[in-house]
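Chain nomenclature is as follows: A, B, C and D, assigned in order of appearance, with residue numbering initiated at 1 for each chain independently.
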Amino acid sequence: MSVVEIVTAPFDAVAGIPDGATVMIGGFGEAGQPVALIEALLERGARDLVVVNNNAGSAEVGLARLIAADRVRKVICSFPRQTDSWHFDEKYRAGKIELELVPQGNLAERIRAAGAGIGAFYTPTGYGTLLAAGKETREIDGRHHVLEYPLRADFALIRAHVADEHGNLTYRRTARNFGPIMAAAATTTVAEVTRIVPAGDLDPENVVTPGIYVDRMVAVGATSGARDGALHTTGAAT
Amino acid sequence: MSVVEIVTAPFDAVAGIPDGATVMIGGFGEAGQPVALIEALLERGARDLVVVNNNAGSAEVGLARLIAADRVRKVICSFPRQTDSWHFDEKYRAGKIELELVPQGNLAERIRAAGAGIGAFYTPTGYGTLLAAGKETREIDGRHHVLEYPLRADFALIRAHVADEHGNLTYRRTARNFGPIMAAAATTTVAEVTRIVPAGDLDPENVVTPGIYVDRMVAVGATSGARDGALHTTGAAT
Amino acid sequence: MTEAVSATGRRGLDRAGIARAAARDIPHGSYVNLGIGLPTMVSAYLHPQDEVTLHTENGMLGMGPEATGDDIDPDLINAGKVPVTERPGASYFHHADSFAMMRGGHLDVCVLGAYQVSAAGDLANWHTGRAQDIPAVGGAMDLAIGAKQTFVMMTLLDRQGNAKLVGTCTYPLTGVGCVRRVYTDLAIFVLASDAQSPTVTVTATFDATVEELRELTGLPLLDGTGDAAPPR
Amino acid sequence: MTEAVSATGRRGLDRAGIARAAARDIPHGSYVNLGIGLPTMVSAYLHPQDEVTLHTENGMLGMGPEATGDDIDPDLINAGKVPVTERPGASYFHHADSFAMMRGGHLDVCVLGAYQVSAAGDLANWHTGRAQDIPAVGGAMDLAIGAKQTFVMMTLLDRQGNAKLVGTCTYPLTGVGCVRRVYTDLAIFVLASDAQSPTVTVTATFDATVEELRELTGLPLLDGTGDAAPPR
């Protein structure tokens, strides 16, 4: 039932994502972006996707390719406009893609709320701005807040570092970003990882995403340019 | 300003806690309970304290002693009644101590909200029960929720495992419990730790409480019965 | 079948038998939280091949059996504050993360004790309601509403012989409409509180007939004892 | 003093000079977030003895300088997606924790760029408001209201010679009443938006008099140039 499924091909890892699905995609820029899973999703051909990511793709990699191929109906993100977000820019200006712009911290907290079973929350971020237009507000302890609702997904595609065979995950440096909260906010979470080790090989104190949040995994090796293995040889104090 | 202050005596670590202060005390039962800091607080003599803890003290240790000495005006907790909570039981029955009973998950989330700058949140926990009596409710997506507010403190006293000289903290096993969220919810956070190592000796991936949340630290050695040092010699995969 | 003599003199399941019955309905590969007290016994009837992972709300997944001897570590305890052990593949997290896991519906099953359960699935298990008793709730309210399925284990009758499966709870509630299955010494009940009007179906009996259970509880119980076992 | 010729032909501070001025007002031991663009330059004027710890909202405390050569790691980037380095005593956390840190008021200072700042401390820095521009907000709204003190760095005048310190912002707002200090090429301003009526005090000028600044901005600026430096 909840035992994590380990597959050998990214194509199998993204099986069953239907047209119209809401898909969270981890990563901040390219750090933590599950490029192999996105490529597989592209190959699978699902359309009309609603994608939740911090950005709207860059250059010709991952999410940008999904957008270029007209697979994305709507992007929910905080920062679509980058110097190399030309595919999004073009689709947006052509009216071919919807944009829901969310302040980054509200995006993160809405995703966290979905995973944490919080019905809604009051946040000071965005109060008095266009991005809170029409939203319910409340003054609490003299401070103005906006009511924000959880953001859920059918699937989360994330990139982690080392996994154990129970689906416990660690991350590398700032590639952690949205992975842990997206894993908890989606009905089905798929992780691409550098490698999968036996249960007991990860220190339980250092697991960042417990396996309960992970449904499928595929090992794809290290990200181009990122080193695998122990980062901090002096980190022996714990 | 925010540089962590390292002191050598628990007595110095709890300096400046005034009568009437709201003090969060970490721990779930005795695991993670900052016994040395509580003893020092007892010695300091502050009275009329409002204490936030999961429990209301057990046997003759730590928080139970603070309650026995009539220093606590009110306890905010989820589980006061234990077989060995005789000091609390006696004060409560005698009308000498107030009790605010909070479901454990709402307690944790209220503490987290305080540290996270969330103004209030809707939670399904407690809806339709005595502990939500008089509270604002709202139906969201067909589910009933109760509105809960952040729980802040003037001081947090927590127990961690290894600290580095910047105040970064790790914890041991289930002694982690309330420490990380209390550290973020208090104006001043004081940590007792097993030992303090140089900056760079903790793996940055494995820091649980970043030093930004810690104001003062004191090294007191290992908890009685708990082993110091590496727990998982096989945990080399990260 | 293990048996015990209930308040009515009936020979139903003993505590171990109730625990075994509940364990049998925990799906393979589940993440499970066992409440303190009677529900803790369920772990004795979960086998490695069930691939069940135990959660303890004080911040751990992958909890092992109670610790003994040198394995006792005061920093490794369960929700009942009993020293426990760690299984390979365990993980630790803080309290807000632990209850987010629970409240967010990530646990498949939680098993709780009860003073009373109503036909609509309301649960009362935290407070006697007596003025002289000091109330303590712990994680009961979070557990009750958090897991995908909440199981209850209890004797069907209290010491006075009154049924604890009732039309309406008289004890203070822990959660509303949250109980899905009730394991007792005399029968197993499945509650469908999501229907227009709640139904209670008896799926197994132990030294009691469905008609006798209707009399004991005063509830219009459906007889499901002839049905195939529900899918695991 | 580094100088540059502004839109009015005045010789005020250049970008480095503005960054140095902002850096000087960051208290010892602070936790600081530097926005992308101009504010990033502040890090060049923070010294080890200042014990300032840099936060990047994509999940790190203890960020070091930009990475070069073999130190470049695509998994270690700042909010502007530029490869950076890690200082001893760094820590990593996920996005919800990172913005909790910010929103919860734990950062001492954040330094941001701006299109406009109002006398009441309103900040506009995320959107030109032009229909043809694609809006992007990133962490700007969270940063603006999250830190204990928000500093702004900008040129005082835009390319058309209009002051960017204004009575009321005409650009879409990032945050309301959140800016505390404004560092520009021609002057430093301290905003007290918590008072009954907001006040703007000039604490330093660079090739401009307070009277000239009043004319440029159309604001009733208070002259604080003779005051002692504010406590750090």
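By definition in this document, a residue touches a chain if its C-beta (ideal position, glycine included) is under 8 Å from a C-beta of that chain, and two chains touch if they have at least 3 such contacts.
As the structure is a computational prediction, the values presented were derived from the model and not from experiment.
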Contact distance in steps, from chain A to chain B: 1
Most remote chain, CA-based centroid, reference being chain C: D
Pair joined by the larger number of C-beta contacts - A-C, A-D: A-D
Computed distance of Cα centres, chain D from chain B, in Å: 35
Approximate Å spacing (C-alpha centroids) for the pair chain A, chain D: 29
Whole-Å gap separating chain C and chain D, where each centre is the average of the chain's CA atoms: 56
Numbers and ranges of chain C residues touching at least 2 other chains: 60, 86, 92-93, 99-100, 102-103, 146
Shared interface positions of chain A, touching two or more other chains: 109, 112, 116-118, 123-124, 164, 171-173, 200, 202, 204-205, 208
Chain pairs that touch, as defined at the top of this document: A-B, A-C, A-D, B-C, B-D
Footprint of chain A on chain B - complex, ascending: 109, 113, 116-124, 138, 140-141, 143, 145, 149, 161-162, 164, 170-173, 197, 200-206, 208, 230-232, 234-238
Chain C residues touching chain B - in the complex, by the definition given at the top: 56-60, 72-77, 81, 86, 92-96, 98-100, 102-103, 122, 127, 133-142, 145-146, 172-176
Chain C contact footprint on chain B (complex, rising order): 28-32, 54, 78-82, 88-89, 92-93, 99, 101-109, 111-112, 123-131, 144, 171-181, 208, 223-227
Chain B - residues contacting chain D, complex: 1-3, 112, 114-118, 164-166, 168, 184, 198-200, 202, 204-205, 207, 210-213
Residues of chain D defined as touching chain B within the complex: 27-31, 51, 53, 55, 60-62, 86-93, 99-108, 146
